[in-house]
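Next, two complexes with subunit A in common: one pairs it with subunit B, the other with subunit C.
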Partner chain A sequence: MSVVTLQVDGRDVAVPAGSTLLQAIRAAGLSVPTLCDLEGLEPVGACRLCLVELEGSQRLLPACASEASEGQVIRTDTAQLQGYRRMAVELFFAEGNHVCAFCVANGTCELQDVAVAVGMDHSRFPYQYPQRSVDASHPRFSLDHNRCILCTRCVRVCDQIEGAHVWDVAERGSDCRIVAGLDQPWGEVDACTSCGKCVDVCPTGALFAKEDTTAEKHPHPERAGQLRRAREQRQWIS
Partner chain B sequence: MVALPPCERPRLRCCAASGCRSAGARPLLAALRAAAAAGGTAPDGIAAGDQAADDISAGASAAPEPLEVRSVGCLRLCGEGPLVAWDGPEGTRLFGGLAPAAAAALVDQVRGLASLPLAADPALVSHQLDLEQPFFRLQRPLVLEGCGIVDPERIEAALAHGSYAQLRRVLHELSPEAVREQVRRSGLRGRGGGGYPTGLKWDTVALQPPGRRYVVCNADEGDPGAFMDRSVLEGDPHRLLEGMAIAAYAVGADHGYLYVRAEYPLAIERLRLALQQARQQGLLGPSIAGTAFALELEVRVGAGAYVCGEETALLHSIQGQRGIPRTRPPYPAQAGLWGAPTLINNVETFAAVPVILRQGGDWYAAIGSEGSRGTKVFSLSGAIRHTGLVEVPMGISLRTVVETMGGGDPDGGAVKAVQTGGPSGGCIPADLLDTPVDFESLLSLGSMMGSGGMVVIGQGTAMPEVARHFMAFSVNESCGKCVPCRAGTVQLLALLDRFVEQRATAADLEALEALCAMVKATSLCGLGQAAPNPVLSTLRHFRQEYTAALGPGS
Partner chain C sequence: MARTIVIDPVTRIEGHAKITLHLDDDGHLVDSRFHVVEYRGFETFCEGRPFTEMAGITARICGICPVSHLLAAAKTGDKLLAVAIPPAAVKLRRLLNLAQITQSHALSFFHLSSPDFLLGWESDPARRNIFGLMAADPELARAGIRLRQFGQQILELLGGRKIHLAWAVPGGVRSPLSLEARDWILARLPEAQATIRLALELHKRQLDGPLQQEQRLFGSFPSLFMGLVTPAGLWEHLEGQLRFRASDGRIVADGLREDDYASFLAEAVEPWSYLKFPYYRPLGYPDGLYRVGPLARLNVCDRIGSPWADRELTEFRQRSGQVAISSFAYHHARLVEIVACLEAIATLVEDPQLMSGRVRSHASLNRNEAVGVSEAPRGTLFHHYRVDDDGLLTKVNLIIATGQNNLAMNRTVHQIARAYIPDPVPAGVEIPEALLNRLEAGIRCFDPCLSCSTHAAGQMPLAISLVAADGRVLAERCRG
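Now for the complex of A and B:
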């Protein structure tokens, strides 16, 4: 297997050719915040939190969706990037209705974690208070659109791992929302196998099990990667 | 071209493209044809006949020969539509805004049956347009060579005008590499807005590992104020098909798509007709022009999303998926439709190809300016006297286009700014109008060439309002995939509201600039990255209008 070496925040790191910049950053013992990315799912580069600077380039690169190449010099934590990341997190909070105090995911929420990581204690942008609904038609799970950040992990895990493609995105811009089936109540979608993978990988409290109440969600974002490895590399134990 | 050399047999050309149709071209065309068939309304009501033209001068007793009334594409001066050109022994005369009731009077003039001379005919004289004015005289039609001359619904007309001659020649005489060589030498750059070197893009597709390739025409022209591509599609579709077929041959593609926005129904109709005619003539399909080269082209109609003009979103849409962009690389030239190398060019880019092959790349490169070769079609609209379509050599100054050709402000006031590049571009202030129109100059001013829409802004328009207008467009058209564009544009619009309503604070100005920088730097695709441009360019050139909008107490 060929290897590429690059530098991340001054640290030299070698990764297998074909690795992403995000993998290289992690191999260097560093981290960048992510929300849409999840091991086991195809990257989409949508949350823009993992953007990094590449020396010699004006453009910022999404680490999750960019391939590492030989000799790159990457910076992950400049003042500019910190500023953009904080703004992106503020935009996430301002566009939805995120109320941690009574959220099922309080304490296990990746949006909350990212806010802490980027030092966001309040949003400088006015909250939009959008009118959103809750779909509780499924017998075991619920979808609270107020907490959805449109990372599309649920869409991808259902399509790429479960193979059911129950979820997709409807509308556009700030009207975007996750829809089940042909924009039906989730409980009426025959294609849904009730496997719960979408709930496992949801980074916030948007998808949750009905028996869980405030701060009781137990997400399993690692399962997408485990299943992918089991299937493709025959590694059954993580 | 509008003005044609003098011709023996007189002829009328009536624009039947969208702009003139909306101004009443269809009833006018019908009235002209009826009058031509009836032999005009000369006193005795002469029937149409086929006697020699000489007899016409004999007066009302002679039956005139049939008069051709041709339906053509855009005759350029759209704001004066419906437009009718009269070609005759004295050259071309152009009329604008004729009512169907005036059709008979015009036909009488053409036939020499009118009782009054043209200059004294009250039904016509006020409608005659000056073809010697700079708007027409400074045009250099290459892409629009056949637009306004050929009947876009008749392939025979296009063939007679030279369409497909280069395709035939190329297939019989040139290797794909030799074709790409000419395109490289021409210096042609993509006319869709980005200005990527066309020859380089063709090479990138052609040199991919062996396998299937696709060719795609981006006809999703969506910038407000842009109607160049529509005019090509409606006015001379065969030129586009020929350019695309040459491109397909040059990159080794045997299948292609024309992605047209649904808002262009006439363009779609004419394109489908043109495809059908080209297949019937053996100019598309298997074994084109008797060679082994085969090409299938299909029309794909968009569903009303501006973002589908972004190439990766466009490809998703063709594949039947949601039209959202993806991260590049891989570029479509490497992995496009269904993973195959795919050449995507804009309508105007493809339409420039036949003339490049006919005259040679070097000939084309001699037109225009360093770095921006050839001609560019612009659509002029807004606060300008002459609204319409111009094709000019690159490097011409904005002032020449807007003031000399466009005639400046219709009310005689000074032009305030010119908006180029649509919601991705910016506003260039009047004092910078001497800037040459080329890719780099416009970028350096914080605007961009874009696809070619030029919206002239008059003194009465406030710049924060212009910025808000375009931001509202971006909010509506954001696909919603990435957060800076989906949520950032919403916040930018709210901030701009405060400036338009004169209740902004100094902190708002700071927030506006910071958020513009963030959305520009972090958005996933070109739409989001360029969404702040109208704000940034007006902040740069008209900052005082923003500071003047700061409310009391700031």
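Now for the complex of A and C:
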């Protein structure tokens, strides 16, 4: 197994070739905030929270979707990056309708945790208060578009782990949203196996079990990685 | 100006009011109005949300009585699920409401109203608050604060937090009462009982002494009273059915179900207030004026059903009439209700069923429309939801206790103004501070949510205008 060595915030780190910068950062004992990234799912670089600086480059790189290379010098926590991360989180809050007070995910929400981590005490951007709907047509689960940050974890887990590919992303810009099937009510999509993996990995309260009330959601984002590992390592086959 | 509703952008939540006094050409008082100048819009912005969120959303309506909305929403949710909740959950919810009524009544009496009684109507407004009370009678203030803490602590023991807990859910409650929590309640009960005994003795002495005029002049008029009673006609706060009783003691309507509220209640709207004016439909508007809350609950029930509270109820009726018509008697009624709550809490925590078995029934949506009811500290609270087949709300109607007392609060203000301002009002009159305070106190009898920010923060933001027949404002006093 070949290895690449690089420097992250002044620390030398060696990771297997093909690793992402995010893996290298974690191998160095450091962390950057993430929302779309999840172990077990292919990275997409959607949330832009894990942007890092690469010495010698003007471009910021999404650590989750960038491959680590030999000799790179990476910075993860500069004033510029802190500012951008806070701005990105503020924009998440401003573009949706995120009301923690009565949300099912209050207390277990990754967006909430990230907001605390980046020091967001308010949004400098005007709240857009978009008119978004709730799809409660599924017998067991609901999708609240107001709380969706378009991380696409649900899209990927359904496609890459469950193999049902119920979810997709439709429209563009501020109209961009998750759709079920061919933009149908979720409950009418035959492909859905009602496995609940999308609910397990959703970082916010956008996907939730119908019976859950305020702060009752118990997400299981670790399950995507568990299932992927078990499958790849054939843990269930003696 | 006096005839214009002004929405102050600072006033987002309860606590902002305006009173206008209207004079004819000769300077005689012809009308008094209590304006609520805040708008919150809960009924509209809840539309489109899943009904399961309503307990969490509506608990946010009020920081003083979130439990009342929580319970009304959970009960409405039970009906949408069409489930019978487990017996332990029924009792746990009752315990929650009893604790809520105790803490809210303690707040109303000790923090908000007693400074008027103990420090005097004409005392320095800067000291006429709980802090002034602490300076004047630290033991009483401490006891009152600890009585409120007793109720608040039970809320936290049950629901994990004192304010905006989301512990009651459609189908029951989230968690049972722990043994440690039960022991804490049992240990603190004697102190709470001693405090309310002290408060009752003190208040009765005041009623016999310096507060006699207030009992006659603060909203003393015949009206209907509405509240929940048990099937046997006993005092009730969460289940049972609704009863209307008239001032002459007649039971006007009995055994009313909350589902049928639209058949006996209607709401009028006045252009000068955001608070609607509910009335008893058969009598029309405004003759269908009725009162809710502690006074009404004591008036509609035959008896309370526990020994100490029944003794206090008997004395209450001896003092204020078999049906008490003075709104000032709300204060005494609150203290009697605290006695009732403490006795009921003592019985409940010794009930083995409270500590055992299931606390939540599980089901999916089975109905599209439901009405839930609870007795908030301030009076009867209705939640009415209509949902689509997916459980998303298509219509929400909330009938709040403070609203149901709106007509009575207006009449109370008018009665106090008539008694205390000169007739006719001479030109260029200054409204004395004592009148301002008495008008405030008239409103405070009802303990409306508006008073959440009254004495507790020092002063009630209140504006009074004296308006001539041609609409000119003769005098204004503002606070807050």
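Everything below uses one rule, namely that the second predicted complex is superposed on the first by the 234 of 238 C-alpha atoms of A that agree within 3 Å, B and C clash if a C-alpha of one lies under 4 Å from a C-alpha of the other, contacts with A are read in each partner's own complex, and residues count from 1 in each chain.
Everything that follows uses one rule, which is that a residue touches a chain if its C-beta (ideal position, glycine included) is under 8 Å from a C-beta of that chain, and two chains touch if they have at least 3 such contacts.
Owing to the predicted nature of the structure, the values given are computational and were not obtained by experimental measurement.
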item	value
Superposition on subunit A - do subunit B and subunit C clash or fit	fit
Angle at the Cα centre of subunit A, taken between the Cα centres of subunit B and subunit C once the superposition is applied, in steps of 10 degrees	120
Partner chain(s) touched by A:M87 [first = subunit B, second = subunit C, both, neither]	first
Partner chain in contact with A:S133 - subunit B first, subunit C second, else both or neither	second
Partner chain(s) touched by A:F102 [first = subunit B, second = subunit C, both, neither]	second
Contacts of A:S142 with subunit B and subunit C, given as first, second, both or neither	second
Residue contacts on subunit A - larger count, subunit B or subunit C	B
CA minimum distance (subunit B, subunit C), superposed complexes, angstrom	20
Contact residues of subunit A, present in both the subunit B and the subunit C interface	none
Complex contacts: residues of subunit B adjacent to subunit A	305, 307, 322, 326-327, 329, 475-484, 486-491, 494, 511, 514-515, 518, 521-524
Interface residues, subunit A side, partner subunit C - complex	101-102, 104, 133-134, 136-137, 139, 142, 187, 210-216
Residues of subunit A that touch subunit B when the two form their complex	43-48, 51, 60, 62, 65-67, 80, 83-84, 87-88, 91-92, 94-95, 124-126, 128, 149-150, 168-169, 171-176
Of all residues in subunit C, those that touch subunit A in their complex	48-50, 52-53, 55-57, 59-60, 164, 166, 169-171, 174, 362, 364, 390-392
